[in-house]
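Each of the next two complexes has chain A plus one more chain, namely chain B in the first and chain C in the second.
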Partner chain A sequence: MEQWVRPEAAVTASLTRRPVSKWKKRLPFFIAYGVLGITTMPIILMYIWLLLSSFAKQMKYGFIPVSFTLENWKFLWTNVEHGGTTLPSIWTATWNSFLFSITLTMLEVLIGVMAGYALSRIEFPGRQMLMKTTLILHAFPSVALLIAVYYILNFLGLFDTLFGVLLVKTALQIPMTAWIVKGFFDNVPWDVEWAGLIDGCSRLKVWLTIVLPMIKPGIAAVSIFSFLSGWSEFLLLYMFIVSDDNITLASYLQKLISDPNLVDYGLLSAVSLFYMLPVILFFIFTQKSLMEVSAGGGKGV
Partner chain B sequence: MKIELKNLCKSFNKKTNAIDRMNLTVEDGEFVALLGPSGCGKSTTMLMIAGIYKPDSGEIRFDGQLVNDWEPKDRNIGMVFQSYALYPHMTVLENIAFPLKQQKVPKKERMERAKQAAEMVRLGHVLDRKPDELSGGQQQRVALARAIVKKPKVLLLDEPMSNLDARLKIEMREELSRLHKELGITTILVTHDQEEAMMLADRIAVMKDGKIIQYGTPMDLYHRPSDFFVAQFIGTPPMNVFRGKLIGNHLHFLNQSAELNNEQWNTAQGELDVYVGIRPHEVKLGKGGDIRAKGIVQMIEPVGHAQIIRVNIGDEQLRLFAEPTAAIEYESEITVSFHLSSLHLFDVRTGKSLRKEIMKESQTEEMVG
Partner chain C sequence: MGSALKKWKLPMIMLGPFVALIFLFFFLPVVLIVILAFTNMDSAMRWEFAGLANFQKMLEDPNLFKIMKNTALYVGFTLLINVCFGFVLGILTTYYIQKEPVSLVFRTIWMLPRMSPPVVYVLLWLWFFDPSEYGVLNSLRALFHMEPVAWLHEHPMTAIILANGIIGASFGMIIFSSAIKSIPKDLFYAASVDGASQWSIIKDIIIPAVRWPLMFVTIWQFLSLITSYEYIFLLTNGGPLFESEVLALYSFHKAFQNFEFGYGSAISLVLVIIALIFSFMMWKWFGMQKMMRSSKIE
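What follows is the complex of A and B.
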């Protein structure tokens, strides 16, 4: 009997000790989050400042808001005048940004998925070479290519068009996209493809009805990344687009800070927030797909 | 459907042939197993029959018709893969109905036939689930149902049971056997498990290094192996093997000699190194047989209906079945014996059997082929 009592005694003992051990257990987390919290504080504070200053008439000492106003947000319904010139409508810029990002996403996913499949599955001469060199293409900073790209766009008559910049951006993005997608295709076993062939599909049909659905998480991830990179693209658009009709949000923002003497910080923060909004919404809606990708690089069976 | 492979060759690296001039005939409705160790080319053979791989040379004929260049989808085959290869984004029912969808069978009929196939493998209750919500055995059944739903002319099974646990394996074997009898589809099974092949197949082709070593009924392979490789590969526990010498018609092994019957055995010109094989169940305790030997008991493994006894005779080892009631002690000396007629002799150099009737059989087969 003695032996049977003992474990119970141990349990009660551990129960009484519990509060102490709980705090001890959590201590590492407190330290970790403390350190992380302090180091990220400037960034968090900056976002808060952005929000406050967009709704304030004036900032006392630069960071204490004085009196609430919607003045800074009037760019939403009027064309704002800034530094002596009238800025184009924010909605033109927004529409252009959307157009640019969405077309970029579609082009990139379409080409990237096909290229990724070819790299993953099809044996052709120069495949290894191609795989090695595509990454180098991605490593080129856009800045290094600006002059060459300018000549090409000018020659093709695509200077100052969204479409021209779109082509350039797509070309720069494709290698990385194809690589990411290739990884997902690599995870699809040959057996499944073969099963599809035997069950009566052509190779193309197997690809469309079986393989593509299996790499859905990968396609989602690539779409999200390319949309975000299109939305935040600045350099190419700034360099190759001059007319106000084709302006995008990033360039619009740039106009506000182009002259350091005339920066309206209230307006700037309001437009910045407006620029960020779609990204935040996008993240909220696509978070699940993104998490799935980081968790396992695609769902296996 | 009758399947014929003639002088089939396939190579992946241009140096060695994965499949080397292979000949095989599978009769209509027959269940044939391709048996061999991993890497012997059995899966490659199957994928060529399926049309996934194209042979480098040789012919594949279905009912006499050359199908070398037919696409897999035109061959009317069903296949179960080792990994099951289910479509993870479809439900069980959709998976099973998929081949019918490709044949453009109307939806109502398609669903009905898919359900029928699911019933046949006892999957009626999980039709709405996704493959990753199923157990290994259930996934296997889905794969099987998908393979048979379009009533194919040929059913190919690529190691379908290697991912199942022992009990499920036995269940699935029975299931496969029953399905084959019910549907009468010509079936080819690829496996490395000789027991599975023996239990299921009408005929077994034992393969090694891209070649068929012997093709015959399970009983043939067991009782009259034509090659040392086949003898070793088939049977659990494996055949006992001793080194021996054949001088004329005198066989020397286990420190004794015996005279062989010239009518039964090919005798040697001069001296020949041989493997002497004897199945464990042919060896008996006591002095009942022609050849007797004394040995020390090394191990006793009870398997219920018998005990497997391992005996050391000099440097050689021997396994035999003993009655479960026989009182045998470790390290004790026992006498075992067996009949000369139950021996198997193989030439060490070529691996070929020295038994005469087998020589004849394989010769006639060659002439016919």
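What follows is the complex of A and C.
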């Protein structure tokens, strides 16, 4: 009798143990979701607040909107007063930001593509050294040099001009851009270029009609990156631009934030949202291609 | 002669603007910073050499000890958050959440602060720490009938460390997740068949695989943390007084608020030298190849 009971007990024991072990096995995954959820929640809430607050007259407990209003968006058609002075129109700032970002994009792509191609395909003395320099500059803490950059801009008469800041910003980013573009060119097989040359095209024509189209997705990604980084730029513009005519959205918002007499989160969040609009659009619509390209860009090295 | 010229023409045209920009805004500034550090140039922009006066001033500066301490605390703790939390996020979104769409959503949300313009990102933190009862922390306190606290005045260091830590964590997350993704799946299957515990999977499979990325993120972030001050400037501006001032911000303040360009340059020079030493270490440890590969992932 004893002998029969034992296996039975063992069977029931194993039956009851199985769900327990499954639960135990899944536990880390539940914890993972929990930890991720808890830590990610505040970020989502902060951005939701930005949206709610921009349309709310008043916020209960600082978070729950009491009544709907468009008052906060008034800055779109009237100039904001702050600290006794009137800020320039938001559209001046928007235009300047746009001009700054789009020119930055064009400069960076143009110079980056030329330099990237040369680094990838042309043999010339000092090539190795130039490549190493590019890489070091990529990691170099350029912010520490801004005092000297100020002196140089002053010397060139480019202080307080968007063009001057544009040059600085392009220079700070170009090592990275050129390096990434070089990676794209590295991925284009030599044979493609050879075939074009044998068919009697000039090198320039081959470059323009065959090679460049092949790295189009890469160029698109680099363009989006540089546009967004120009759009977000704050420090350089704050340091090297003083006049209101050259104000950009970043400085516009910073002026509002830094005014201790004006703590109007409704207005601040509306301006922020307006400022972030292109970032959000790019983020939603080009994220996949950006991810693909930035992952693919690493392959050619 | 003619052919030599022709050989040079193409690379010269292609690389001309690139080299010119690098020369004008990297090499020249480095040289200038070194020279400026030995002058006492002020807003009059006159070159007056002062020998080692700036460095002596630095040693005697009563605020410098506090600022060095802040810098060490700031860099240390922010780095800790960046690397550890970035690693946790990397593991969670790649190993524990195998469903790619779900982990993509999480990663995307974590990228939001990084994608947001700095001014907007800092506004969110200013609201979070707002001294009135409308701030996030204070409205939470109000629920328990507690008085509002002026967080940025009471705990400025915590604020700047948190704000920078969250941004940096997403950088770590991206690098670590792509490293974890590149681990062959068979290893995990084999481990689970052998009945390995979660801890030993992390310790014996994941950590060895992310060893190099871990080193890379640490040094890379160190380099950018020690010299960048954008978020600190926007959040506390080093205040109250020198409570959250770090070395890089101090150099900025000296140069652009007190117009002591010479002294500011001397401080910058110290930072550049520290950064160069670490860049050199990075170069030594990783070798060129590794650095090239990793730097592209961002």
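Quick note on the criterion: the second predicted complex is superposed on the first by the 242 of 301 C-alpha atoms of A that agree within 3 Å, B and C clash if a C-alpha of one lies under 4 Å from a C-alpha of the other, contacts with A are read in each partner's own complex, and residues count from 1 in each chain.
Heads up, the rule we're going with is that a contact is a pair of C-beta atoms (placed from the backbone, for glycine too) under 8 Å apart; a residue touches a chain by one contact, two chains touch by 3 or more.
Keep in mind it's a predicted model, so treat the numbers as computed, not measured.
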item	value
Which superposed partner A:Ile38 touches (first chain B, second chain C, both, neither)	neither
First, second, both or neither for A:Met129, with chain B first and chain C second	neither
Partner chain in contact with A:Met276 - chain B first, chain C second, else both or neither	second
Between chain B and chain C, more extensive residue contact with chain A	C
Which of chain B and chain C A:Ile147 touches, first, second, both or neither	second
Set intersection of chain A contacts, chain C complex versus chain B complex	301
In the complex with chain B, residue positions of chain A that touch it	189, 191-192, 194-202, 205, 210, 213-214, 216, 299, 301
Residues of chain A defined as touching chain C within the complex	28-29, 32-33, 35-36, 39-40, 43-44, 46-47, 49-50, 59, 61-63, 110-112, 114-115, 117-119, 122, 124, 130, 132-133, 135-152, 154, 167-168, 170-172, 174-175, 178-180, 183, 203, 228, 231-232, 234-235, 239, 249-250, 253-254, 257, 263, 265, 268-269, 272, 275-276, 279, 283, 287, 294-295, 297-298, 301
Chain B - residues contacting chain A, complex	47, 50-52, 71-73, 75, 77-79, 81-89, 98-99, 102-103, 131-132, 146, 150
Chain A-facing residues of chain C, complex	7-8, 10-11, 13-15, 17-19, 21-22, 24-26, 28-30, 32-33, 36, 45, 88-89, 92-93, 96-97, 106, 108-110, 112-113, 115-120, 122-124, 126-128, 130, 132-136, 138-139, 142-143, 166, 178, 198, 220, 223-224, 226-230, 233-234, 248, 251-252, 255-256, 261, 264-265, 268, 271-272, 275, 279, 282-283, 288-289, 291-293, 295-298
